[in-house]
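Going in written order, the chains are labelled A, B, C and D, and every chain counts its residues from 1.
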Amino acid sequence: MTSPGRPTLGVGLIGYAFMGAAHSHAWRTAPRFFDLALEPRLAVLAGRNPAAVTEAAGRLGWAGTETDWRRVIERDDVDLVDVCTPGDTHAEIAIAALEAGKHVLCEKPLANSVAEAEAMADAAAKAAARGVRSMVGFTYRRVPAIGLARQLVAEGRLGQIRHVRAQYLQDWIADPAAPMSWRLEKDKAGSGALGDIGAHIVDLTQYITGQALRGVSAMLETFVEERPLPASTGKLGGVGGAETGRVTVDDAAVFLGRFSGGALGTFEATRFALGRKNAIRIEVNGSAGSLAFDFEDMNVLHFFDGSDPAETAGFRRIVVTEPGHPYVGAWWPAGHGLGYEHGFTHQVVDLVTAIAKDEDPAPSFADGLQIQRVLDAVERSAAANSAFTEIQES
Amino acid sequence: MTSPGRPTLGVGLIGYAFMGAAHSHAWRTAPRFFDLALEPRLAVLAGRNPAAVTEAAGRLGWAGTETDWRRVIERDDVDLVDVCTPGDTHAEIAIAALEAGKHVLCEKPLANSVAEAEAMADAAAKAAARGVRSMVGFTYRRVPAIGLARQLVAEGRLGQIRHVRAQYLQDWIADPAAPMSWRLEKDKAGSGALGDIGAHIVDLTQYITGQALRGVSAMLETFVEERPLPASTGKLGGVGGAETGRVTVDDAAVFLGRFSGGALGTFEATRFALGRKNAIRIEVNGSAGSLAFDFEDMNVLHFFDGSDPAETAGFRRIVVTEPGHPYVGAWWPAGHGLGYEHGFTHQVVDLVTAIAKDEDPAPSFADGLQIQRVLDAVERSAAANSAFTEIQES
Amino acid sequence: MTSPGRPTLGVGLIGYAFMGAAHSHAWRTAPRFFDLALEPRLAVLAGRNPAAVTEAAGRLGWAGTETDWRRVIERDDVDLVDVCTPGDTHAEIAIAALEAGKHVLCEKPLANSVAEAEAMADAAAKAAARGVRSMVGFTYRRVPAIGLARQLVAEGRLGQIRHVRAQYLQDWIADPAAPMSWRLEKDKAGSGALGDIGAHIVDLTQYITGQALRGVSAMLETFVEERPLPASTGKLGGVGGAETGRVTVDDAAVFLGRFSGGALGTFEATRFALGRKNAIRIEVNGSAGSLAFDFEDMNVLHFFDGSDPAETAGFRRIVVTEPGHPYVGAWWPAGHGLGYEHGFTHQVVDLVTAIAKDEDPAPSFADGLQIQRVLDAVERSAAANSAFTEIQES
Amino acid sequence: MTSPGRPTLGVGLIGYAFMGAAHSHAWRTAPRFFDLALEPRLAVLAGRNPAAVTEAAGRLGWAGTETDWRRVIERDDVDLVDVCTPGDTHAEIAIAALEAGKHVLCEKPLANSVAEAEAMADAAAKAAARGVRSMVGFTYRRVPAIGLARQLVAEGRLGQIRHVRAQYLQDWIADPAAPMSWRLEKDKAGSGALGDIGAHIVDLTQYITGQALRGVSAMLETFVEERPLPASTGKLGGVGGAETGRVTVDDAAVFLGRFSGGALGTFEATRFALGRKNAIRIEVNGSAGSLAFDFEDMNVLHFFDGSDPAETAGFRRIVVTEPGHPYVGAWWPAGHGLGYEHGFTHQVVDLVTAIAKDEDPAPSFADGLQIQRVLDAVERSAAANSAFTEIQES
């Protein structure tokens, strides 16, 4: 909410592709619907191509531009650095920003390796001691239905959790003719479906259940090992040409897991589930109730209350648009659903609120590190004949 | 897309409640995602209460304020007047604005009576001759799934249309203790569920089928005739006190209809469908295909293609988030759904595009008048023992 | 349950097409799963074609055959006559059987006209005074989900009923090339979609709500007035030839209605809803709860309990296969769904139980007459410019 | 179809609990709807308790009874032995019957161990050489939607299969107070959820894809290790008393698998998924199409055809009740769904047809053995820290 007397929070955003556009929208929109203690100011957008970054800044609403991310960190009008670059650059940028006393919001996954993530968590802990805050961008937590799911578990409505099943299903490279992209190269992307989308369901299931994964048994698969190099580019890789390149990441990751509270988990992340575009499906079964969610119907949470009499018990299709639902009161009347980008706006709200209250926001870099360790254990298990592999605890 | 050389379109918005907030969001957001030929400038917000309008302008992003709507029309920095006031004021404001040479976007329903709507359509026609544009805000047309539905009918994929069934189901006054509101008073609101939500399904079914309603047979009902006057206020009426007031509009409207192309229609608009929050449900059956839509799952259109072999035929659950779907390419990758307010953003896009191209946008005031005549026929039929009542053609 | 000491009930079935097969299955199966006080004995099957009836009797499990229904009524080994012939013969057969002291089960609709139905109800009342029972075959009442729906209303879980919406959607003659059949001739079938399928939703909504329709406003439509005469025959009419015949019944019936308790109803029965095969869809909204049912998912009832807190309220998808649900305990464990024909088996159970207890089963011929009067009012309203037409009370 | 000249097939059924009732219904019903080359004759029902077996024989329609299964095998009027006893007796009975020249239908899982299953497959192979047929009862194969799924894969409509995900979710012992039963004792049941319901999804996924599992990585879990001993008995265990017993089988089994054609599989079988009664959920993703099935909506198959244009592509909800669908033509018109027990009737049809044609029916005892080996590999993997465990090929 723009107001003359309100202190501002100068934001510098690094990266302006898909995630950059989503974050820009969130920074612009959050103060229009939520009563924030700090007014975000879209100070500067950074990118290497001068013409492109200037165009993007105008389109996305940023006051200035930089072509070197180091300049962003040096600017006095920047209080917070928002990192939306590919994963191989997260560690360097985020650590430099934290050391320079800037709050940091870093896209997920936190890093491309456990070692990088450890360094980042370390830097975040030191910065927090000086009042500098950091957060990793697992935005799906901010979908109201997910928030409600966590609440129900926390209130004991599910009892003891026994089963967690989670799938993140996409199909954008199901066609072998879909061309190469940086997301299919291990040195840039770290991993394939595992880190890109599998990380989300690891985070979501831990967030909802309040339990941490303790170990996994996994398989990884690359169905299409060679793809055409892109002849032209598009949002997700454009059209392929005659030359080919080698896919060095997983196309799909499947794993079993055990949670700290005893629940059994099954996980599947794939870009080869033809017909599923962005289906994040999560089910939790407890001794007292059950939950089911599918991002393809994101404003709905299904809840089975085991205390209902058998004759009138059934999964309740809760349309999560009531004023009492998480985040919803700031938006529209009941029944008027939210969309994908609202999660980013809610993320800004939670981050700004934590900074204003001088509290550490969640998920922290330590949380991001823990998820990195899960991904690492998945890779190690897959390499070790699927043997159960424990996840290092902090 | 903010760009130095782009011409601007100064906007004056009158009203800042639910609809005002939605329109403000749309004016701010449209240029960030769509490449508009004119750059909207949020010049002035008008409302009677000086303190409230100042607060709202800051929150919603408007440069200035007025407490008299007539001042908005006089301002040189205003090219377009956006009317978000209750229905009983639409005619006066819109006609004055058009006569002053301002383009007008007017919320639906166009007016509270056919006579007012006729005057407005008349003013719009005269203004159009001078290059001044006008549009009525049936935003649900801009939901991508609805756009796709219209496309499929227009392409002949449904063949000859035989059945249209449409319901707009809400439940916000199902409880007899829900207090009075201006929406329950005939002199302010014109009608109840009929004009507020029934108007939408009249517009949507005509828009999708490309056919006009020719006549109706109707019943109206007021289930709760006396309600507590509000002791405090909230978004939808707050909490009731000890005194009561008289509900003078319909709680529910049901009607049968015949379309110009021969289809049979069934319509139901109610605020008493307990458990349905904003369920706009539309089905169309043709000789070659069928469609089904429910706003509670707004990113989905169900399509039955009668040319599929019987063994593999079935309603296709189309997730309307592909780049080739209406409006969708400007937003996110496939599978990342949109929300309620995107319809308003798309409305701004279509309106600004028409103005820039010097074309008449749709739906026009003439379209709004036609819908008003349908609502009027519904009321007359209900008053005449449900006898079939023809709708006046222009 | 076959048992040496149990008294038997000799059954004579007249007709062996679709309904005859369903009834035969029910007579055979009911005693295998339910503990009946009388053991049904499949005594005789009647049909005009000697070869065909002999073949059918063997296939369907009947001990003997007759080619004249009058002979069935005269037989001493027949205690009950089951009438599965076209509607134009119901009155003559049923009345003769009742007068001969045979219990009667008559397929719906009871008759082709109010006058016939009155005569039948009259005969049934007289027979009942002598302990001879009669019942009309609205089998969908015996779907467990429908039984549960009625229970919930009767227990007050829905409060005061405000809205009833009911559709019976089929598509078997949506293709204009589908050939003529006796079901499309008024003198044989009485009416078209109205009596064939519309009668079911009239019965079901009255049964569930416990309220009677008091008046209707209606439209009837015949979309395809001329059809090829059948060149060959099949279950639903076979393939058409070069010659054509005239359709003399409605293809679709839509009507509004008012129930005795004040609820508003909307009804639609059609054979032109492409893609819907046998979709009986019923929704009821009350002041305390709501229900939704679709026969395409017949083992499920959706129930919204208005007393749930808003944050965890939602339509419950009740899988109606619990031991405590109507009829279910006699079948399989929870989750093992029933099919279409189970309704017929339940009908036999209820009928035999009533006969054994010397009680009048429901729905009675008087109930069938009342439904006939609703259908008649629909036709009269449609002929009178859709004017509201009251339904004669008994 | 009962017919004087048709040869008969004398059936002896051993066991009369849940499965016995389902099989009896199937033997009685199959000839009423399908044109079988042999007429099944329900010759004898066997069970140890003389009074109970007599009562059951009367109720279920069997001509005679035996209290020793060996007597059934000796009877001349028995051509086929149907084995519906607990798994620990399958091998002895089935082998004896085959050696006596009786055809055998044996309930699943084939046996409680690989060794037993090997002996049975061996006996079946020898018997087949003498024209004696055998089959194992994976009835869910006979659900029409499953048959259609297999057809679509076989026709290449799915292309190369990449993902298979299968869950069999029940909740009947989710409550720790649910009492002990023989199904929870390893020596009687062999395993818990794994063999009882996991076996079904192993069979179904192999049947649909036409691929065999080559190896698995697994976890087993027993959530409730001690339960009350039953104080009284009911269909699924009755009510527990004060004394307790030890659960010696798994409550849940989760495993990953690799199929012979390269597909990745995820499997979950549990009796602790609160709110899911008998949810068999199977999804298959291929390079050209995808399928989804849920037994809670058993008459529906969801099919995504990758060759549809993106704008009109979507999972098709195929209501599998068309005459051209597997088994459906013998039943009701389109849209009139089947129930759980129809699978058993179809099983009888396929078995009798194979016997009459002197062909080996499927699934054979060799198929049953292969599934037993999968279950065995699951148990060995779970005992070996989830290490990938290959499945022995025949």
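The criterion applied here is as follows: contacts are C-beta pairs under 8 Å (C-beta built on N, C-alpha and C of every residue); 3 or more make two chains touch, one makes a residue touch a chain.
Molecules present, by chain and UniProt name: A, B, C, D = Putative dehydrogenase.
In this text, all values refer to a predicted model and were calculated from it rather than measured experimentally.
Peer 1: So which of C-D, A-C or B-C is the twin of A-B, meaning more than half of its contact pairs are the same residue numbers?
Peer 2: Repeat interface, by the over-half criterion: C-D.
Peer 1: Return the chain whose centre of C-alpha atoms lies at maximal distance from the corresponding centre of chain C.
Peer 2: Comparing chain centres, A lies farthest from chain C.
Peer 1: If you average the CA atoms of chain B and of chain D, how many Å lie between those two points?
Peer 2: 54
Peer 1: Where the CA atoms of chain A average out and where those of chain D average out, how many Å apart are those spots?
Peer 2: A distance of 42 Å separates the two centres.
Peer 1: Once you find the CA centre of chain C and the CA centre of chain D, what distance in Å lies between them?
Peer 2: 35
Peer 1: Got the chain A residues that touch at least 2 other chains?
Peer 2: In chain A, the residues touching two or more other chains are 276, 313-315, 319, 323.
Peer 1: Which residues of chain B touch chain C in their complex?
Peer 2: Within the complex, chain B touches chain C at residues 162-163, 165, 167, 169, 171, 174-176, 217-219, 221, 223, 252, 254-256, 258, 262, 264, 266, 268, 270, 272-276, 283, 285-290, 304, 306, 313-315, 385-388.
Peer 1: For the complex, give me every residue of chain D touching chain C.
Peer 2: 1-3, 18, 21-22, 24-25, 28-29, 31-33, 58-61, 170, 172, 235-236, 276-279, 295-300, 319, 321, 323, 332-342
Peer 1: Which part of chain B faces chain D closely enough to touch in the complex?
Peer 2: 148, 152, 157, 302-303, 305, 308, 310-319, 322-325
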